[in-house]
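Shared chain: chain A. Partners: chain B in the first complex, chain C in the second.
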Partner chain A sequence: MTLESPPTAESSSLVEVRHVSKWFGPLMALNDISLEIGPGITGLIGPNGAGKTTLLKLLTGQSKPTLGEIRICGHEAWLAKAKAHVGFCPYGDATWDELSGRRLVRVTAGLHGFTGDEAERRTESVLETVGMSDRADRPVRTYSKGMRQRIKLCQALIHDPDLLVLDEPLNGIDPVGREELNELFLRLARAGKAVLISSHILNEMDELADHILFVCRGKLLASGSLETIRDLLDDYPLKVHVSCESPRQIASPLMALESVKSVSVQPPEDLFLEVQNPNRFYAEFGEFATTHDIQLHRLKATDTSAEAVFDYLMERASRPE
Partner chain B sequence: MSLVKPDIETITQRPAWFAAWPIARTALHLVFRRKLFWVLFAVALFSFLLMFGAIYLLATLRQEYKWLEEFITSRLKDLDGSGTTFLNFMKAQGTVTMILLAFAGSVLAGNDHSRGGLIFYLSRRIKLVHYGTGKLLAIGLLPSLTTTLPALILFIEYGLLGDTGMYFGEKYPIIFGILGYGALLSVAVGLLLFALVSWMPRPVPLVMLWGGLFVFLPILSRILTLTMREPGVRRRHALEESPWRLLDFWNDLYIIGNKFFGVDKPLFIGATIVVCSVCVVSVIAIFVRLRQLQHQS
Partner chain C sequence: MDSTLKISRFAACLQVFSLTLRRQFFSRQTIVVGVLLLLALVITIIWAIPWPWSPEPRTGEQLAGQILSLLYMGFLLPIVSLGYASSAISSERTGQTLVYLLSTSIPRPLIYLSQFAAVLLLTLGITLGCLTSLCVTVGMDSIAVLREFTPVVALATVCYVALFMLFSAWIRRATFLALAYALMIETLSANIPGVVKRITVSFYANSWLYDYSTFGLEPNIPAYDPVAGGTAMWVLIAASLGFLALGMWVFSRKEYE
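Here is the complex of A and B:
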């Protein structure tokens, strides 16, 4: 079963994937996947072998689906017209170490059909965007992992694509570099671009992604905002951490609330609740706190992170139907 | 609802076929950065410089000792300024060109397969055919630098140092011969090398196989020709007419190349069949391998 958030009336997608399956001989890499990607940051999450790379290859037009169709800005994904709207930043260092960063970006401009002054202008512009202008004349072999990643980003951005596909862009990058790149991704998303980030660093997706796609064994397990997906997982009670001055006294009345499934007390001031219907709980708890005059220090759901949701989805997927 | 965006950018962009040039330029740039290439290129230029000097010497003799110049050119067809002069020069460049290609092959295309360059190219707005064209252009330009370009320079030198108007007026078809033979060498050798590099990207096995094709097979063809010739057939005739000579691919190209200069050689049909077959098999091998790599990457 796929968990999907309901479509909104004003939703507009740059990418439409309709009933896509991909076979490699007897191996089914993707199984009837349908999804839409719109402006903003979308995280693609899944374990190794889930079909993430295959999906990225299909989205970037490197491969054709066996069944179904993929449209990018209205064009079929493997057509040059669609590729003109897509910028791809691959996982590996698909570059030549002995060339300078500037030259590599300039070559990419040529591959997209830009020549002369226009190619130069675009090269300098993207180097400026990723903060590599002053270091771009050095050979790529002298670059750090983060600098290489930035040059790959330049290559993906050179033709000002509407969809940016990034395969593990933060892998091996130091915390400062991560923060800078995350800021860049947010800036691109604010500029109206669709940024699809494939990552296994789930914590980062919490902060970055507006929308998450969970993929496992070639199937789309869930798609939507993290909160929406968590709410739809009604067979996994939400875990809520409450800190207040007198936890023992309120534990018993809390159990009377319909949405609360279990309460455990951890002195001196912590309570851990399992909640069945989050929206209803938050409404009931507000009223409860006012009525009982509770001095609340903290109220936080502990399993709404991408990691926790991912674990639940994986567990759910491994259950027999 | 799908958001269909207008393709305004594509109007200002050149067609995808033009992407072949940046692909070729990058590959050549990587080759030109290697010292070994310049050493081999210098060796290739050495015979060009000898030829250049010989033509200059003949022009000087023509001014002061015309009988001596006539004697030399009657003996040495390679220096008489006819089509044969340039045809034989281009054939003689074969050995060094083959060595150059053997070492450059991995850099020109092989590294793409091991370093993920194929993904880099194919995720842009180009297809396999554009990528293949770019690589073939790069591989094809190298033999042109050691054969076609020097031959054209020698032709111009020959004309400028002699009776310029008459020479260029009478011998202008030689230019088409040089360009035709040069194009044949670039396309046939380029396709063969690209096919081998696609399946064998590492330099050492590639050099060994390439050496086998262009050193071992020619030697074998000569040995077979001479040992299996009929009694009474002269050595020279046997080397021109024996079907065993078709094992020498560079010689096959030379036989077809003669046609561009208006000379008919024995074994022309056989050589054409061999060269066409090699080209067709190479094209199939290239695209089968590239498709395979595309799915693996």
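Here is the complex of A and C:
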């Protein structure tokens, strides 16, 4: 089953993926995936072999879908017209590393058709944006992994694309650098760009991504904001932390609620609940709190992280139908 | 992207051209080719020296028949061409940098054409430069020999580059296939009687020389049965264009890992 958030009245999608499947001989890498990506940050999450890289290759026009179609700003992704709208930062360190960072970015500007002053201006601008201006005259082969990632980002940004596709862009970057790059991604998203980030670091996606795509075994398991996905999962076992004045007294009546599976008390004022159906629980708990006149200090779901939702989706996907 | 910005497709192709030219020139292939050419030059100098047992100075006819036809056309020309052409795309592919070219908005056939132009310019520079230096080293009738060999070498180089770049677009380890082709097909089958040699580039290059050469060049194997010079030239032109078109088609459709 695929969980998708309901479509908005006005679609502003830059990317449209319609019923895309991709086969490599007998291996089905992607199985009937449909999705849309609009402005903002979208996180692409999935384990190794889930089909993330295949999806990124299809989106960047490196390969063609066996079935279905992918459109970037209205153009078929494989065609050169679509690529003018896409900036791609591939996984891995490979680049023309005999060149200096500045020269590499200038060459990339040339490859996108920019010449003279415009190419120079763009080169300096993106180097400044990723914080590499002062280190750009060294050969790329002498760069650390983090610096290489930044230079690759420059290559992806040089033509000011509408869609930025980043394959594990924070890989090998130190915490301060991550903070800076996350800020950059947010700035790009605020400027109306669509930023698609493939990542294994799920916690980072919690804070960064407006929209998450969960991919596993070639299928799109779920898409939408984390909250939306969680809400759509009617049997998602949510953990809820409740702080109130008399936790022992309400523990027993709480167990009577249909949506509550277990209750553990942690004095002086904390209760930890495991609930089966978040939507029903919140409705029931509201009524329960009013009826029992509970002095509530805190009510918080504790495992709504991408990792928790993803673990659950993975576990659910592996269940026999 | 701001669509009002002027971007030049020609400038983008020129960038592919200059990047390819630079990367190919500053590569291991240039070292190998340089060593081979130096070796050929040394062999030619030693060959040209009048020895006590052969005091007669070498003639242009001997240069054409013994050095240029055998050593240069039969071995150096295909090796130099395959060194650059077979690695043009496959080196970007194995180095995982092809993705940066394929991510640009340049149509794939134009990327291929730009790379072909760069490799051809470099290879022609080296093959014609080497031909000139070999002729000049010997001295005797060198201008006349050079005049006869230059168009043949130039067209054979175009054909080899187009063929080996097709290999490069087609498979990952194109150099091995190109080497196998050069040694097995071009060298072996081109020197055996029969019609199999008609699939080789060297057969048509040699046929052209045999027909038009004023130095009395003749096949040194029986039943060689060369085609007419004009036919050979048109076959080389048609084959070059065919290989180039096929390479562009393969490159524009292939999904590279």
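Keep this in mind: the second predicted complex is superposed on the first by the 284 of 321 C-alpha atoms of A that agree within 3 Å, B and C clash if a C-alpha of one lies under 4 Å from a C-alpha of the other, contacts with A are read in each partner's own complex, and residues count from 1 in each chain.
Convention: contacts are C-beta pairs under 8 Å (C-beta built on N, C-alpha and C of every residue); 3 or more make two chains touch, one makes a residue touch a chain.
It should be emphasised that the depicted structure is a prediction, and the values quoted were computed from it without experimental measurement.
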{"item": "Three-chain arrangement built on chain A, chain B and chain C clash or fit", "value": "clash"}
{"item": "Partner chain(s) touched by A:Leu296 [first = chain B, second = chain C, both, neither]", "value": "neither"}
{"item": "Contacts of A:Leu14 with chain B and chain C, given as first, second, both or neither", "value": "first"}
{"item": "Chain B versus chain C as contact partner of A:Lys64, first or second or both or neither", "value": "second"}
{"item": "Which superposed partner A:Gly74 touches (first chain B, second chain C, both, neither)", "value": "first"}
{"item": "First, second, both or neither for A:Met255, with chain B first and chain C second", "value": "neither"}
{"item": "Partner chain in contact with A:Ala283 - chain B first, chain C second, else both or neither", "value": "neither"}
{"item": "Chain B versus chain C as contact partner of A:Ala191, first or second or both or neither", "value": "neither"}
{"item": "Most chain A residues touched (candidates chain B, chain C)", "value": "B"}
{"item": "First, second, both or neither for A:Pro90, with chain B first and chain C second", "value": "both"}
{"item": "Contact residues of chain A, present in both the chain B and the chain C interface", "value": "60-63, 80-81, 83-86, 88, 90, 92, 94-96, 98, 107-108, 110-115, 118, 155, 159-160, 162"}
{"item": "Residues of chain B touching chain A in the complex", "value": "1-5, 7, 9-10, 12-16, 18-19, 21-23, 25-26, 29-30, 33, 111, 115-117, 119-127, 294-295, 297"}
{"item": "Chain A to chain B touching residues, read off their complex", "value": "11-14, 16, 24, 38, 60-63, 71, 73-74, 80-81, 83-86, 88, 90, 92-96, 98-99, 103, 107-108, 110-115, 118, 155, 159-160, 162"}
{"item": "Residues of chain A that touch chain C when the two form their complex", "value": "57, 60-64, 80-81, 83-88, 90, 92, 94-96, 98, 107-108, 110-115, 118, 155, 159-162"}
{"item": "In the complex with chain A, residue positions of chain C that touch it", "value": "1-2, 5, 7-9, 11-12, 14-16, 19, 23, 26, 95-97, 99-108, 255-256"}
